[in-house]
Amino acid sequence: MKALVSIIMGSTSDLPVMEKAAKFFDEMEIPFEMNALSAHRTPAEVEKFAKGAKERGIKVIIAGAGMAAHLPGVIAAMTPIPIIGVPINASLDGMDALLAIVQMPPGIPVATVGINGALNAAILASQMIATGDDSLMKKNIAYKENLKQKIVKANEDLSKLVYKYKVS
Amino acid sequence: MKALVSIIMGSTSDLPVMEKAAKFFDEMEIPFEMNALSAHRTPAEVEKFAKGAKERGIKVIIAGAGMAAHLPGVIAAMTPIPIIGVPINASLDGMDALLAIVQMPPGIPVATVGINGALNAAILASQMIATGDDSLMKKNIAYKENLKQKIVKANEDLSKLVYKYKVS
Amino acid sequence: MKALVSIIMGSTSDLPVMEKAAKFFDEMEIPFEMNALSAHRTPAEVEKFAKGAKERGIKVIIAGAGMAAHLPGVIAAMTPIPIIGVPINASLDGMDALLAIVQMPPGIPVATVGINGALNAAILASQMIATGDDSLMKKNIAYKENLKQKIVKANEDLSKLVYKYKVS
Amino acid sequence: MKALVSIIMGSTSDLPVMEKAAKFFDEMEIPFEMNALSAHRTPAEVEKFAKGAKERGIKVIIAGAGMAAHLPGVIAAMTPIPIIGVPINASLDGMDALLAIVQMPPGIPVATVGINGALNAAILASQMIATGDDSLMKKNIAYKENLKQKIVKANEDLSKLVYKYKVS
Amino acid sequence: MKALVSIIMGSTSDLPVMEKAAKFFDEMEIPFEMNALSAHRTPAEVEKFAKGAKERGIKVIIAGAGMAAHLPGVIAAMTPIPIIGVPINASLDGMDALLAIVQMPPGIPVATVGINGALNAAILASQMIATGDDSLMKKNIAYKENLKQKIVKANEDLSKLVYKYKVS
Amino acid sequence: MKALVSIIMGSTSDLPVMEKAAKFFDEMEIPFEMNALSAHRTPAEVEKFAKGAKERGIKVIIAGAGMAAHLPGVIAAMTPIPIIGVPINASLDGMDALLAIVQMPPGIPVATVGINGALNAAILASQMIATGDDSLMKKNIAYKENLKQKIVKANEDLSKLVYKYKVS
Amino acid sequence: MKALVSIIMGSTSDLPVMEKAAKFFDEMEIPFEMNALSAHRTPAEVEKFAKGAKERGIKVIIAGAGMAAHLPGVIAAMTPIPIIGVPINASLDGMDALLAIVQMPPGIPVATVGINGALNAAILASQMIATGDDSLMKKNIAYKENLKQKIVKANEDLSKLVYKYKVS
Amino acid sequence: MKALVSIIMGSTSDLPVMEKAAKFFDEMEIPFEMNALSAHRTPAEVEKFAKGAKERGIKVIIAGAGMAAHLPGVIAAMTPIPIIGVPINASLDGMDALLAIVQMPPGIPVATVGINGALNAAILASQMIATGDDSLMKKNIAYKENLKQKIVKANEDLSKLVYKYKVS
């Protein structure tokens, strides 16, 4: 089955963060691929990857990177596919990566999620594809409903717990 | 023609920033709508808007807000449609709005662009819809090529200009 | 006994911070309730909660949240009751939560306390209610006096301790 | 008529910000007083003011200050009345004042509003007093409804304006 | 022997930082006193302390405090003696305390040292007193020379160590 | 009359800030000198200056600098006289200069005042010298009293002004 | 005469900052070239430029960029020539550009200068080339000496000016 | 063999960071020296070092320092050799050191690398020397190629690993 989403990361040390995206796609049965590609250490590979993505059927690219995080922006420059950037906290609490990803110049957007937010990147990719795929839209709605049930349940647990403080 | 994208803003004072998105859609002939809705001052209207968006055929929502910018996240909570957040510089150089938009909790992503980056939000929306719309994909590719030509032209102008410094 | 204060938090992971408020109310014998409600994952529950609070006799709401902390502001939009926001340090040392809570737009205030400051939130709630409740005002004055005695005692302990450095 | 709220500011240069609070109270017909008192230049006056406030019938104090903004915290130390702090942007975009006001130690809260947020401070004071005053609660509800109408109206104006962009 | 310097701290939890100052004075045989005084929890004690300091022969006061660190500025307001402020890292890496101490308004200076810089505060106090005390000036010069010798020695140790890397 | 205080600045463009110190000394009749010396452009002159200061009778040095503000620390390294550092806002709202001045390593303090705080630097210098000079101490006390009178007067003016808002 | 240094900038709007580098090279008679190249809008041109630079005899590249400033890092990835990065203040006081340039991952350095520091970038380029060019080293020494004379002269002017404040 | 590069650090506690530079030079067989020198504690030694560096054949100096990191700038003031500054994270996540190193005034550049970026400093030094040394240029090109191979290999490992998530 051909991958619809491509997850890339600047370094294999980013895997513990980025695998949350992989797990989401696995759970949602969305075919994906995952690679390590460095904007700075393997620029030729990055270019080949970016230029070929659309032809291979990739709909969305998720790129995670830390520090002076150029990977998402560099790829955004080379493909018309939407790019989701995940700032990874490798220094300065992730503020350097966040600014280096989100503050793109006019013309070349990167859809940025929160620091270390790989799960949200995956959900966002799924929402993007669902703009043209009704069955995926239904799955996304079910996922959202499920999320709500979990916190409703958590609140019930909390309510029991709260009695230890409560007067009267 | 039914709108595919909905642009909303927290306050009409955000219009000078957000109208860059409107102009892009106009140029690209993508039907859109534009509204002012405050997460804090008109919560019921926001809810009605968010819940009805999908039914009305909206594919992507672009939400601009400044300060403690809750509008994009609040809407993201209420619809399965992808939300693009535009942090608006109304205080603290826009850092408050950026953090209040991008740092969403796991489960509810907002695709965040740079501070005051309404044009990039519009391009991103167009890329999202193009994941399921080949003719829009072609328009996006043409737009990107055109952008490149502009900077190539700018460089030629600069080259002429640079002779005033250049020795020999 | 009907609750006068309602403590809510965006996630049950916020409980270790927020339970300091619960302990204060327990100690002061102020009836309270405590719930987990997510502005993003359970928006309908949040709305029901916020709109019903006044009718149920709640005088003040304390809302703790981290990251892009929208919960306090979202509730403030839906009720005339005063809202106290507690920024929780879940990322960026809590600066994202602080700005997302305190920088509310004109018209919808949130009374913000320091990062992880749930005890201060509870004291503040008690001060607010005491504006119309003289017997609570007396308890608050006693609490403040007690606090002072503790630091006076701490200073005495320190004075003994200091002799190990002091030349004579 | 005896003042219920006291507005103080660290310097008369803070008046352009703080007068928004005064105007709100005037509009709402809530009796107030307004003074300039410096935590650093007139500490004895500050003390006399803080200690006498409750006896004079003051229910809430709003204190605005910039830079190393100590005034709200210093007064909070001396009275059981709730204190609302307004960080004023006199340097560093107001971040110094915000942190110097909001990050109070356990035991002594200051209810902090956004940078230059004097109007929100006044609304918050009104909400606090309304916890024990039903007729003020009604006024607050009316004020909130009025705010909503203004933005609904603004949206209508925007809708007309938006046609200049909209493809059809 | 009467104390020349007074070390105060906002909380006994600041002792591990502030005792570096005590050790310096002990080593230099400068008589000192040390107390815990909270600007917010014991304002009356702070006032008595500040106003009596000069009469008791205190030449310089060193005040350490964290978070919304008001203690140094509050004391500076009440005495003509020079005050040295030590920002203590209790939150936000100490940035809140640094700004709350150093950004004093015109007229009331606090001589601020680095975050957790209690040793430097003590050296600075010794330099201040030495402006009018030649024998202390001599001690300070000897201390400075000693400091230099330590780093010269450290460099010699490093030079030996460095051979393990050095090509020859 | 021999100068007791030396004001130096990294660049003559710092004069509009630093002249507030000069005016204070003029008003207080404290003899001073003023020079431009760059830690980076005239290191040899800085060294000669720093090493000779004590011999020439200088009691305190005030050094103002912006950006990577090394001047105060460099001089502190070369003399046992207390150094007061004034961070000048030449970029980044003065945060770079503040951190480059205040965060000195253990052993070499710089007494730092607020951003652009040259007046406070001068008052602090006067307080330092007064630790060994009773007549200057008296002048400082008078100056402080005078400052208080000004704000008391300002408050009276404000009180009149406030009536335009006040309901009665 | 073949260029030794290449100045590039992300956008022609960076010219007012970057031309300070051009003027320095003109004054020093170091042959240079200047181009506008966008890492994001003209990636293919950037690659051609970077890969050909060494062959054309370029010794050092100076790259200025603002916001999510990827240009210096992207070029550093593609050539063994040293790259000097100039963060340009286009938003957030230039902090985004500074972090996006300086925080490069291990293996791919960018020699970063201060925000808008194009003159310093040019001087640094000249110092780099002079490591293998003795006649340029002599010019650099002369330039440095000249800089020192200017501030010595400025200090003399200041000394005259200072008499208007000086007592006695 | 005479050293071409000199590594200095403000304190021996910086060795764990700075030794990455030493290891690089060892691996590349570039002769170097390494010393601890404090801008603040041993200013005379710093001056002797800086002024003698060129005569001893040093081509580039790498200076690491934390906090108010003056060492790189102070040395840059005293020699025409290019200086590379390494901000060391000793407080505030290294932001104080970064700003104190990079924000040098016009005329005196410091080539700044990322926080704790000693390896990049060494690579940059090697690139600088290679502007006038073709055999070193070849070594640098080989090093860069080797770096690329490592990440290509890492990606192959990742590809195997990724199968544990991948739907098929």
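Note that the chains take the letters A, B, C, D, E, F, G and H in the order they are written out, and that residue 1 is the start of every chain.
What we mean here is this: a contact is a pair of C-beta atoms (placed from the backbone, for glycine too) under 8 Å apart; a residue touches a chain by one contact, two chains touch by 3 or more.
Model, not experiment: these values are computed from the prediction.
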{"item": "Selected interface, C-D versus A-C, where C-beta contact pairs are more numerous", "value": "C-D"}
{"item": "Centre-to-centre distance between subunit E and subunit A (centres being mean Cα positions), rounded to whole Å", "value": "48"}
{"item": "Centre distance in Å when subunit A and subunit D are each reduced to the mean of their C-alpha atoms", "value": "41"}
{"item": "Interchain centroid distance [CA atoms averaged], subunit G/subunit H, Å", "value": "19"}
{"item": "Distance from subunit C to subunit B - Cα centre to Cα centre, in angstrom", "value": "36"}
{"item": "For subunit F, residues contacting two or more additional chains", "value": "11, 38, 41, 67-68, 91-93, 95, 102-104, 107-108, 110, 114-115, 147"}
{"item": "All touching chain pairs, where touch follows the definition stated at the start", "value": "A-B, A-C, A-G, A-H, B-C, B-D, B-G, C-D, C-E, D-E, D-F, E-F, E-H, F-G, F-H, G-H"}
{"item": "Complex contact set, residues of subunit F against subunit D", "value": "93-95, 114-115, 147-148, 150-152, 154-155, 157-159, 161-162, 165-168"}
{"item": "Interfacial residue positions of subunit B with respect to subunit C in the complex", "value": "10-11, 38-41, 43, 47, 66-70, 73-74, 76-78, 91-92, 95-96, 99-105, 107-108, 110"}
{"item": "Of all residues in subunit F, those that touch subunit E in their complex", "value": "59-60, 80-82, 84, 98, 102-104, 106-115, 117, 119-121, 123-124, 127-133, 137, 140-141, 144, 147"}
{"item": "Touching residues (chain side subunit F, partner subunit G) in the complex", "value": "1, 11-12, 15, 19, 22-23, 25-26, 29-38, 41-42, 45, 67-68, 91-93"}
